Amino acid sequence: MEYEAVIGLEVHAQLKTRSKAFCGCMAEFGAPANSLTCPVCLGFPGSLPVLNEKALEYGLRAALALHCSVQSFSKFDRKNYFYPDLPKNYQISQYDLPLALGGFLEIEVSGAKKRIGIIRAHLEEDAGKLIHEEGHSLVDYNRAGVPLLEIVSAPEIYSPEQAYEYLASLKAILKYLEVCDCDMEKGSLRCDANVSLRKPGAKELGIKAELKNMNSFKAVRDALNYELKRQKEVLESGGSIRQETRLWDEVSGKTQAMRSKEEAMDYRYFPEPDLPPFVLSDEEIETIREGLPELPQALKQRFISQYELNSYDAGILTSEKALAEFFEACVGLYPRAKAICNWISGPLSYEFNSRNTRIESLKLKPEMLVRLIKLVEQGVLSNLAAKALLSEMLNSGRPADELIKEKDLTQVSDTKALDELLDKVIADNPGSVMDYNSGKANALMFLVGQAMRLSKGKANPKLVQEALRRRLNNA
Amino acid sequence: MAISKNDALRVAHLARIDLTEDELRLFARQLESIIEFIDKLKELDVSSVSPAAHTPVLKNVLRPDTIKDSLSKEAVLGNAPKSLKGHFLVPKVIE
Amino acid sequence: MKLWEFTGHELLEKLAHQEITQEEILGALDKRREEVEPKVKAFLRFEKTPGPENLSGPGGFQGLPIAVKDNICIKNRPVTCASRILEGFHPPYDATVIQKLKAAGFSIYGQTNMDEFAFGSSCENSSYFPTRNPWNLECVPGGSSGGSAAAVACGEAIWALGSDTGGSIRQPASFCGVVGLKPTYGRVSRYGLIAFASSLDQIGPFARDIEDCSLLLKVIAGYDPKDSTSANLSVPDFLLSLGKDIKGIKIGVPKEYFSLSADRALEGIAQEVKQALEEAIEQLKKLGAKVQEVSLPHTEYAVSVYYILATAEASSNLARFDGVQYGLRTEAVDNLTEMYKRTRQAGFGSEAKRRIMLGTYCLSHGYYEAYYLRALKVRALIANDFADVFKDFDCLITPTSPTPAFKLGEKIQNPLAMYLSDIYTISINLAGLPAISIPCGFSSGGLPIGMQIIAGSFDEEMLFRVAHCYEDSTSWHKMRPKI
């Protein structure tokens, strides 16, 4: 029997504010336990929350970028449950009147575009961190109160691959907006998945399992693949799926049901009396919308049409906002888009990948790359030498001309030096010279290569080739 | 609405209070009479009324995204019944 | 006249004229306290009177001492809300009102008794001991700010702060024969006030006359960026409202407050209270006010709305008292849920548990719409009643409480009867309005009777104007208990 997978994703994106959602403590990862806490985020009696304006702004930006309709009236609610990572034993969240409703995200799977619906996006505060030790647990509230945007997709994702693409697309957007770091390993992006199977064509959803504890996009895909297989086996052997929370175990590659007393949660939501509601006019919403940057998909389309790049190149250039901005800055200085694209997607990408860094942290300015490209095109530098020079430029942050002067990398173009070089090549390779003379044209290229190697790449390959041909033909 | 001892027990569990048998019986009875009293609200037709969760004049209260000093370690943990290695210590969490 | 009998503004004037010294005032208060505190028991804790070097605060209040209800955080001093569950807790911060008091040159010397977490109308729900009414030690001082009211009434304190969620300043003020004011919601910062019901709580002053009350409100009021519900409005100079006449002022008398039938409210208005109010109304007419009957049709629903909303909020606000970060913790348990349950069982008193149970029940699955949501809607109707009336009237006059102070133990077994003693004060919190209770007479048994004046939103000036004019023409505020 064939089944159709139905997946919905709940993503918690940590908003990249400097301070926490409701107090002035620094929102930072990795500080000593409980060192970033105050009466408000500890929920000490008498303390009161005040919303960080950036948390609201970032939430609105993300919601608008996800085509959601931002609500003109929204409020916070308290979600009540006892757990030691929750300092007040309630979480400030949004329940029936969230920030935004009804959007979508476009993904591309094997060349086909697909829209995944977004049910809602709301703001809430993060909880603290629990460390379970033998016989007791330890609580660190540094993370408590960090602003989160919860983004809930519709159950319209039909394969683990689509789920992966949904997350990749979402990450690209949130990063473009500069509202979230999207680092799943650090927990700044978290994803839970609701997954069920149904018979093809069925309207009703099957009974779902909720998957948690996936720490990378790949883990989400793997966990979904495993869980779908597991559910299929259960159904095919005549069993039924239990509605439960299952934890992904990276090591064993399996999902496992959480041990839990089957206690239905009763969160007793009610409006948070300490926080007045938010009323946004159409004009305010439009102002935020107008301030949104060009998002990756639109940018890619523009690069294709404006710079006549192919989809693949445009995709690489728009994979990160900083890269796209760097590209456009270069093109602004020197309108040779294809050449610049080749340099960015080739040697430059190679450099920052091998350095495990990002373009914005490299010491390269657009004018420096443009100058390098010009030097190659003018024949001053060979391609090979230019690549080596790029690496030097990244190390030192110094411009090409300075380094060329210092390292004497200018192409050998004067004929006297060239003659000496060719004398040696001809003398050292009599066999190839004979081959050439006997009509094997390929031998010429071998000899050019030898000359290049001998000059350590500094010879101008075009001149070498011309001079060699001249000499051999005249000999 | 009748409130049984079991109803009281369910509520006491939600509120995490280990009430005695006597308290459960007493509160069940008292809650029942209070609920009976407040049920008078059902006389009113409120279908066209918007709820007043907040004072109407207040809205959009925000603070700038600036960092303020956090508390010292002593101030954070000084009141803690138990702490260990800079953390609050709690008994084992059993799911 | 002894020094402790003077009001704050009288003492400040004497200090300004160098007729007395700060040490003499403090000495007089210490002596008075030693005399009466064993009988009244207004204070949970007492800080040794600060030495003279601390007395010259910059704000003009010359180090005059002030008592503070024990649900307002003072940095590094214990605060308990009269509950066992907060035992040992020392907040590492000052409430905003405490910062303001310190800046104004007050010295904060004692923390007063209250009903646990402000749950009550008699001060009998303190987990430590009940406070007694200085006018009759058999009677309760009212609640929940009973300690503050009693301390001011018997001269242990010149003035005090309380908090008012459903009448917790006004009702004890009326029982103890002092002035007590609940400001407009948002007028005074709640930062550092340990919350009972966040949408209703306000901190406010107790004093022996209107002038002191207005001086103190001026100090504690004002916008606080740490409280999202604090109003960003400037604070008027309330002293300017004193001494004005009330000719032509339109005063409404809500008929529902005088006609609540016994079967609906379990308790009608006491004849003596009604009579005292009628006399006060006559006096206001003589002073030139135009008095007219008005209607607040949803009054009879206020108690129900209040006990749903206030307990629901309280059940959530008190969830944080769980033994993890501060306060009481029951050890010798092997898992967390047991620790929570036993700690809270041991730490909360009976009324706190009852209210947490009621609030939890009203919010729990399947009941939210029937109770909480419905109560929010009726709250809107109640607020609208007031808004309608204040289109045509400057203020309203009502009794503060249906009866004078009752006896200790009289209502403690019947929670609903206790809840109903707040019947005249509760609506004002639901509507977020300012109201003041001032003395307006005595019962045949020698117990004070209070009159409540209610004004429109942020119109505390009207309260002071009417109250001061009345006070000026009467002498109730000069009566002192013989103790």
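All chains are identified by letter, namely A, B and C, in their written order; residue positions are counted from 1 within each chain.
Here is the rule we use: contacts are C-beta pairs under 8 Å (C-beta built on N, C-alpha and C of every residue); 3 or more make two chains touch, one makes a residue touch a chain.
All of these numbers come straight from a predicted model, not from anything done at the bench.
Colleague: Tell me, please, which two chains come out on top when C-beta pairs in contact are counted per chain pair.
Modeller: Here the largest contact count links B-C.
Colleague: Report the chain ID whose CA centroid sits closest to the centroid of the full protein CA set.
Modeller: Central chain is B.
Colleague: Any idea how many Å lie between the Cα centroids of chain B and chain C?
Modeller: Going by mean C-alpha positions, chain B sits 23 Å from chain C.
Colleague: Cα centroid separation between chain A and chain C, in whole Å?
Modeller: Those two chain centres are 56 Å apart.
Colleague: Using mean CA coordinates as chain centres, what's the gap between chain A and chain B in Å?
Modeller: Computed value for the inter-centroid distance: 41 Å.
Colleague: Where in chain A do residues touch two or more other chains at once?
Modeller: In chain A, the residues touching two or more other chains are 39, 42, 50-51, 82, 84, 137, 139, 266, 268, 271, 273, 275-276.
Colleague: Identify all positions of chain C at which a residue touches two or more other chains, and write them in rising order.
Modeller: 89, 92, 199, 225, 228-229, 315, 319, 322, 324-326, 336-337, 340, 360, 364, 376
Colleague: Hey, what residues on chain B touch two or more of the other chains?
Modeller: 14, 16, 51, 53-55, 58, 61, 63, 71, 88, 90-93
Colleague: Quick one: which bits of chain C touch chain A in the complex? Just the residue numbers, please.
Modeller: Within the complex, chain C touches chain A at residues 72-73, 79, 81, 86, 89, 91-93, 95, 190-195, 197-199, 225-229, 312-313, 315-316, 319-322, 324-326, 336-337, 340, 360, 363-365, 368, 372, 376.
Colleague: Over in the complex, which chain C residues touch chain B? Could you list them?
Modeller: 88-90, 92, 185-186, 199, 225, 228-229, 231, 298, 300-301, 303-305, 307-308, 315, 319, 322-329, 331, 333-342, 344-345, 348, 350, 353-354, 356-358, 360-361, 364, 370-371, 373-381, 383, 415-416, 419, 432, 457
Colleague: Which bits of chain A are touching chain B when the two form their complex?
Modeller: Touching chain B: residues 17-19, 23-26, 32-39, 42, 50-56, 75, 82-84, 130-132, 135-141, 258-261, 266, 268, 271, 273, 275-280 of chain A.
Colleague: State the interface residues of chain B toward chain C in the complex, per the touch definition above.
Modeller: Listed in rising order, the residues of chain B that touch chain C are 3, 7-8, 10-20, 23, 27, 30-31, 33-35, 37-42, 44, 46, 49-55, 57-58, 61, 63, 71, 75, 78-82, 88, 90-94.
Colleague: Please output the residues of chain B touching chain A within their complex, sorted ascending.
Modeller: Contacts found on chain B: 14, 16, 51, 53-55, 58-71, 73, 76-77, 84-93, 95.
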